[in-house]
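Heads up: the structure comes next, in structure tokens.
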Amino acid sequence: MSASALLVSALILGGVCTFFGVSIALANRKLRVWEDPRIAEVEELLPGTNCGACGTPGCRAFAEALVKEEHQPSGCTVMGPDDVDVVAEYLGVDAGEAQKRVARLLCAGSSDVAVQLAPYQGHHTCQAAAAVTGGGKGCAWGCLGLADCAEACDFDAIHMSANDLPVVNPDLCTACNDCVVVCPKDLFVLMPIEQKILVQCKSLLEGEPAQELCEVACTGCGICAADAAEGLIAITDGLAVVDYSKNESASEDAIRRCPTNAIVWIDGAQFPELQVPERSFAV
Amino acid sequence: MGDLIWILLSTMVVNNFTLAYFLGLCPFMGVSGRVETAFRMGMANIFVLVLTSICSWALNTYVLDYAPYLRLISFIVVIASLVQIVEMAIKKLSPTLFQQLGIYLPLITTNCAILGLAIFQTNREYNFFQGLFFALGAGLGLTLALVLMASIREDAERAAVPAAARGMALVLIIAGSLSMAFMGFAGLGSAA
Amino acid sequence: MNKPRLVLSASPHLLGADSTPRIMMTVLLSLLPVVAAAIYTFGPSAFLILCASTLGALLPEKLVGKQGSLKDGSALITGVLLGLTLPPGMPLWMAFLGGFFGIAFGKLIFGGLGQNAFNPALLGRAFLQAAFPVAITTWPKTGGPWMALRGDNFALPLMSPQVVDGTTGATPLGLFKFEHVPTSTSSLFFGSTSGSVGETCAWIILLCGLLLAWKNYLNWRIPISIFATTFLFTGVLWLIDANHYPSPWFMLFSGGMMLGAVYMATDMVTSPTTNLGCWIFGAGIGLLVVIIRIWGGLPEGMMYSILFMNAFVPFLNRATRPKVFGAPSRAELRAAKRAQKQEDQT
Amino acid sequence: MRETTPSEDFLRGVWKENPVLVQMLGLCPALAVTNSVENSLAMGIATFFVLCGSSLFVSLLKHFIPHEVRISTYIMIIATFVTVADMGLEALVPTVHKALGAFIALIVVNCMILGRQEAFASKRPVGRSLLDAAGSGLGFLLALLMIGGVREILGSGSFLGHPLFGPHYEPWVIMILPPGGFLTLGFWLLGMNWFRARKQQRRVS
Amino acid sequence: MSQADQPKSASAASIVLTLCFAGVLAGLLLVVVYQATQPRIQAYKDKMLKLAVEEVLQHPASYQTLYLVDGKLTPDLPAGSSAHDFEQVFHGFDQQGHSLGFALVHARAGFQDTVRVIFGYHPQTGDMLGMRVLESKETPGLGDKIEKEAWFGEQFSSCTLPLIGVKAGKGTGDRHEVDMITGATISSRAVIRILNEAFTEWNPLLQPLAEEEQP
Amino acid sequence: MFGKDFFKHGVHPPEFKELTAQEPTRRIPFPKEIILPLAQHIGAPAVPLVKVGDRVERGDKIADAGGFVSVPIHASASGVVTKIARAPHPNGSWSEAIHLEVDTWSAQEPRPRIISNWQENLSPKEIIDAIQQGGLVGMGGAAFPTHVKLSPPPEQKLDLILLNGCECEPYLTTDHRSMVEFPDRVHLGTRILMKCLGVQKAIVGIERNKPDAIEIMRATVPSDLDIEILPLEVKYPQGAEKMLIKAVTNREVPTGGLPMHIGVVVQNVASVATIAEIFETGLPLIERILTVTGRGVRQPRNLIVPIGTPLEDILQACGGFAEDAAEVIMGGPMMGIAQGNLRTPILKGTSGVVVLTTEDVKPKDVYPCIRCGHCLDACPVFLDPQILGSLGLHQDYETMMEHHLSTCMLCGCCSYVCPSRIPLSHIFGVAKASLRSQGVRV
């Protein structure tokens, strides 16, 4: 083994490396742009569904907002509380308090109680049906039952009942807003699960005509408004409207005498009596 | 000149780096989802390939004659460091260019195509210009493969791809098909 | 007044008469004369090959395709066309495998009809060509007793065919490429040469193509631009050196040119949707065929040219979209930009 | 970061996060040299050696390497091991070395190796890093054998050079050509996805 | 987070030192391994070459390596240069020291990539002594038959340059004819062309030396 | 100054006009109830002027314009206002409407004229006011208030009035009958328009499949006016404003622009005839010509019906449904909307009622798109319905906007030619509706 070979090789590689070491050090001094490494770390911890329920355009943006402390970890509705705590701990911030919200359907007019004037024929989505004279349901406000919302839900929280009404599983619902956006009849609202009184109807028709088209329509008769605490429920445009700022005063008394059961008291899941057929699993 | 053009064309289609030599597959699989991205990746690739060709030629000619066993390690150190410096420079000097090309640079450093180019170029004893055209051909070939793959994938995204094939399985089958389509060029120039 | 049961459907409430299955069935019918000519030329071997490749194509469609997707007839076309591109003496198990591969990995994996990027029949053939390059370039001699098999059709699955010496011939393209022997255009036109099952009778294919073009079931721009490019390109070479390069007529009527240009490059799914795109697509195929046939390692390049251009289709579609009605033309946009710039300067 | 057990560190790379089959890293060697089982084996072992060696060193030296030049330094460490492997193979098994060609040198840029350094060895103690490297290396070897096995069996009708189907077998040449590489890995992924879906389905019902 | 909170970047000195140190260390390690393995590698290469030369010259008693320096073939290397800077020819002799013929290495594009062959022949008669493919990347199962099919290689010990390729079974028995491999015409043709090309290129140089006896 | 007589692309569906082309228009008995939705046109709905229980005479103004882009509504029969409540609207919603119980005993004599006679010396302003007060909206389909179209900004130079007599929709013969029976009214209306806009040149575009209309219109052109009757190729959608202008003048309405930006005003011939009628009779728009046709109705006819007549009564007047009637469409078969509620009233802009049979509406199997490109060759505005359709099915509406969804006029040519029967234009309509609900202008 020749010493000269040792020397040459050490010199060459040492020289090359030193040269680039100097260059990088120089470049580092002159050209560095810094980015908070925590953003990437936080992003890793987030679920990565990019659903936008937190109000930012995606998990990455949410991570940036978290690092800048513009949002609280609990703003992500997809993470369970444990995961929220992990993020909060990593960032050394308060987890924040999230109020569980779920999607509620403002219609109970399943196919057995609401009239269908003419069956819709064609592209099988609610949006498409709604574009053809409203979809052919007698009630122009009611659910078309073609399952756009169930299809849109990324969390498998919505299933159609045997009578074509979407049933939300509140445990799976993350309040991501997708069903709200997709429904052409604007029938979904996200509301805190503590709000238990709900008018399950959007029909602006009053009295007889309303009931002719749907057995469970709100006819605007005003009984609930009279029975409820002062100011909790008002009849506006033929529809009972709940003022949720007075939610504390809500009680089951208000719904008892509703002639059509359009107003209900919900504890947990909506439509607990509806059967959701077993869904087959497709490969 | 004809010789140079031949090197360019044959590296681009006949012996396409990606589809015939299996070089640079990681970015080929990873960054071929959108045509725009794929194109930029291709451009960044061409840039680094040309840079690499020049560096390795210089190293071969001026330094490595004395210690051929240091070839691999010096190539890679030089490429990695240069790319790092270029990346920093672009990031600082032109944020828009960085958005378009720079973010791919770190991905490219550890890409077989780059080192593969340096090694093939050395094995084939290309001179400076031959090396340059070799690098251009390889880069254009990569870009072609990337863009074709990306445009097919963009269409496939809206197709009802069966669940089992979704993702990389489909991409690989498309790559296999592309590779078969490129086989038609095999032997180009050899039969004449 | 009586009130019938009304339905609601979306406009337009009138629809044209064409339907996808009808198109497919018409194409299939138009293939019958081609198939008949093939069987007339190559005897029972041609029939067997067509059956094997068709079965191979139908099987995966039946197994994993969408419910009822066999009915649209497209898998049938794939099978028949694949069979038409194979040598008649090929083992049947290979033809079957080609059909299977073409449909399973050229079509179903993309989600079935209409979604595939490459022509399934040609992908099946490309698979066979790369997998069994010897078997797929073993061409039977023409002539001989009609009823005789043209090779070892019945080789056991996965086993090599027994090469029967002295019965293999060369195709016109092979003869030209390796021996520099040209073949007369008339024998090409009327199909008395050796080659694949479906590349016998040019005029039958042309006639069927005319019918389909007239029905608007294929975009005539594609074959026309393939023929024109091939003819012009070869013509120029031929004028330069008629000894070295083949005549343009030979180029047009030999090999898979006719079947490929009329039936395979025109597959709607894997050709551009825009008319300009179709012109470019065809020109690309024409150029590549000539390049591969003349300078490439293989005697025939039709299949590879079509597959290669298939890969460009999504790109061509996006690049050749026509100017939308009322939108400024490119020249106008450029002028506006220039004006803007001038304004900025002042 | 979640704490992991040593066995998790090891097993993760072998199957659940297999570098080739799941993470899609190191594809170039995984497809380029796998036209026979023998080559796959040699490449897998060489990679295993390089991966373990460099993980060991990176993990040992992690506190001394400044952030700015970590990539360059890791690569240098990897390149050293690769050159050693290259020369070693050439001296010991020249035929295999010839078959693998430039791809031995290209182990340097196997994305998977650098990935392990970045993600694991540069942050964890030596023992764990070695375990992780061994797991990933084994996973890589496994994937190579899966691909190489299919390609050799179909493409040459043999396994490790031993003919399987007798002399009349018609080899599927495509399998040892470039498209065969893509297709084989595609088949494996397809099969695995299908299998996973089946399993899930069974769990649901 | 403000600029001030950024973690301090490493000092320039530590960057340079780390890289330099790693470089020197790697260089040292590599040179050691190189020196340890090189003899074996070189020995293997030499052995393979020797085997090939002996085969294509039909096992000569001895052979001499000639280098092409400035258009002339000499057995001696100019001082300070190494063997692989020059093209080489191998001159074989029999027991008696009579010239048997020359072995040449020549390469040319085949179907997929370059094909490198070594062959031996006698410059005056053009009679071939043998041929062997050193390196090819032709299609397995097709083009690689030029390497693997024994009959193809064996033809080249009993034919005369320049060669003409004919389809198997179509030959007339002429000594210039060589049967090509069906399905690998291009590769077979490439081999034939390599031999013919080398023949035209080298023969003028070699012919004068053919009479030379072993020094 | 003008060129060719065709536009590129488009389709040629079967016409079915023979069912009613030779049927003279006839009146029908007044219905028991008239329903007048407040939203009859594009723009702000009208504001009621009457209360429940009020008695109104035929021609009385019962709701006033709700803004500039709005016109009043007039009682189309004498009767009593029974309620102002939601009623089914042709667009599928239930919207506010004035319900009149028609006096069965009344002779339905209209109130004396509310609009003065036509005189050459009326100023443009007076003409426009009279047209707005007459409650006139476009009768060619879009129902855009006519007076707005006649009030271009002063700097906008106009050089051509283009009368749309194409009636390219199959089945419909409303405009055809207007031209055959009331050519003088069309010409008088044109005169008023020319006076109002100060334009010297008018062209009436009529498809060649109405030779009698072309002949009569030619024969009756007043000698002092430059009105050209121009026969046009029979092709759908020849009647679409942009296509008509392209065919007649070879000018293209720029994306997002209006015909007036290239110096043209387009009016439907029936709208123009109604302008003349307003000045002739002094009565506002309270009735219109309507084709009731299709094989699902017993006696296809051209009717003159009071605005607000429910579908039921109209069909009754045509002998009722045929045995196999299956779908009732308001408007033509290419762009019209199917109706499920027969209490829906016809509006000012309703040009026809087509009743299709079970045979016509048999559900068709939908196949995957085979990228045949036929839709690209059909789209008169050069969109790529193929890509739009596949984006639409994936509800990627934003990307659809990048592919010029807003240029699509929902003509339905693409759906008509699609061999895979993909409901392309329907999907585009859905996308537009969804985008509009998010506040995007499409």
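List of remarks:
By written order: A, B, C, D, E and F. Residues from 1 in each chain.
The definition used in the following text is that contacts are C-beta pairs under 8 Å (C-beta built on N, C-alpha and C of every residue); 3 or more make two chains touch, one makes a residue touch a chain.
Everything quoted here is computed from the prediction, not taken from an experiment.
The set of chains touching chain B and also touching chain F is given as A, C.
In terms of the distance between Cα centroids, chain A is separated most widely from E. Compared with chain F, the chain whose C-alpha mean position is the greatest distance off is E. Centroid to centroid, with C-alpha atoms defining each point, chain C and chain D lie 40 Å apart.
Work out the mean CA point of chain C and of chain F, and you get 48 Å between them.
Distance from the chain D centre to the chain F centre is 70 Å, each centre being the mean of its Cα atoms. Of all residues in chain E, those that touch two or more other chains are 9-10, 15, 18-19, 22-23, 26-27, 30-31, 33-34, 111, 139, 141-142, 186. Counting only residues that touch two or more partner chains, chain B has 67, 69-70, 73, 77, 81, 84, 160, 162-165, 169-170, 173, 176-177, 180, 183, 186-187, 189-191.
Residue positions of chain F with contacts to 2 or more other chains are 337-340, 361, 368, 423, 426, 429. Shown are all chain pairs that touch, namely A-B, A-C, A-D, A-E, A-F, B-C, B-D, B-E, B-F, C-D, C-E, C-F, D-E. Contact residues of chain D toward chain A in the complex are 68-69, 72, 76, 194, 197-198, 200-201, 204-205.
The touching residues of chain F, counted against chain B in their complex, run 368, 390-391, 393-394.
Only residues 17, 20-21, 24-25, 28, 281, 283 of chain A touch chain D when the two sit together in their complex.
Listing the residues of chain B that touch chain E in their complex gives 15, 67, 69-70, 73, 77, 186-187, 189-191. Remark: chain E residues 9-10, 14-15, 18-19, 22-23, 26, 29-30, 33-34, 37-38, 40-41, 44, 139-142 touch chain D in the complex.
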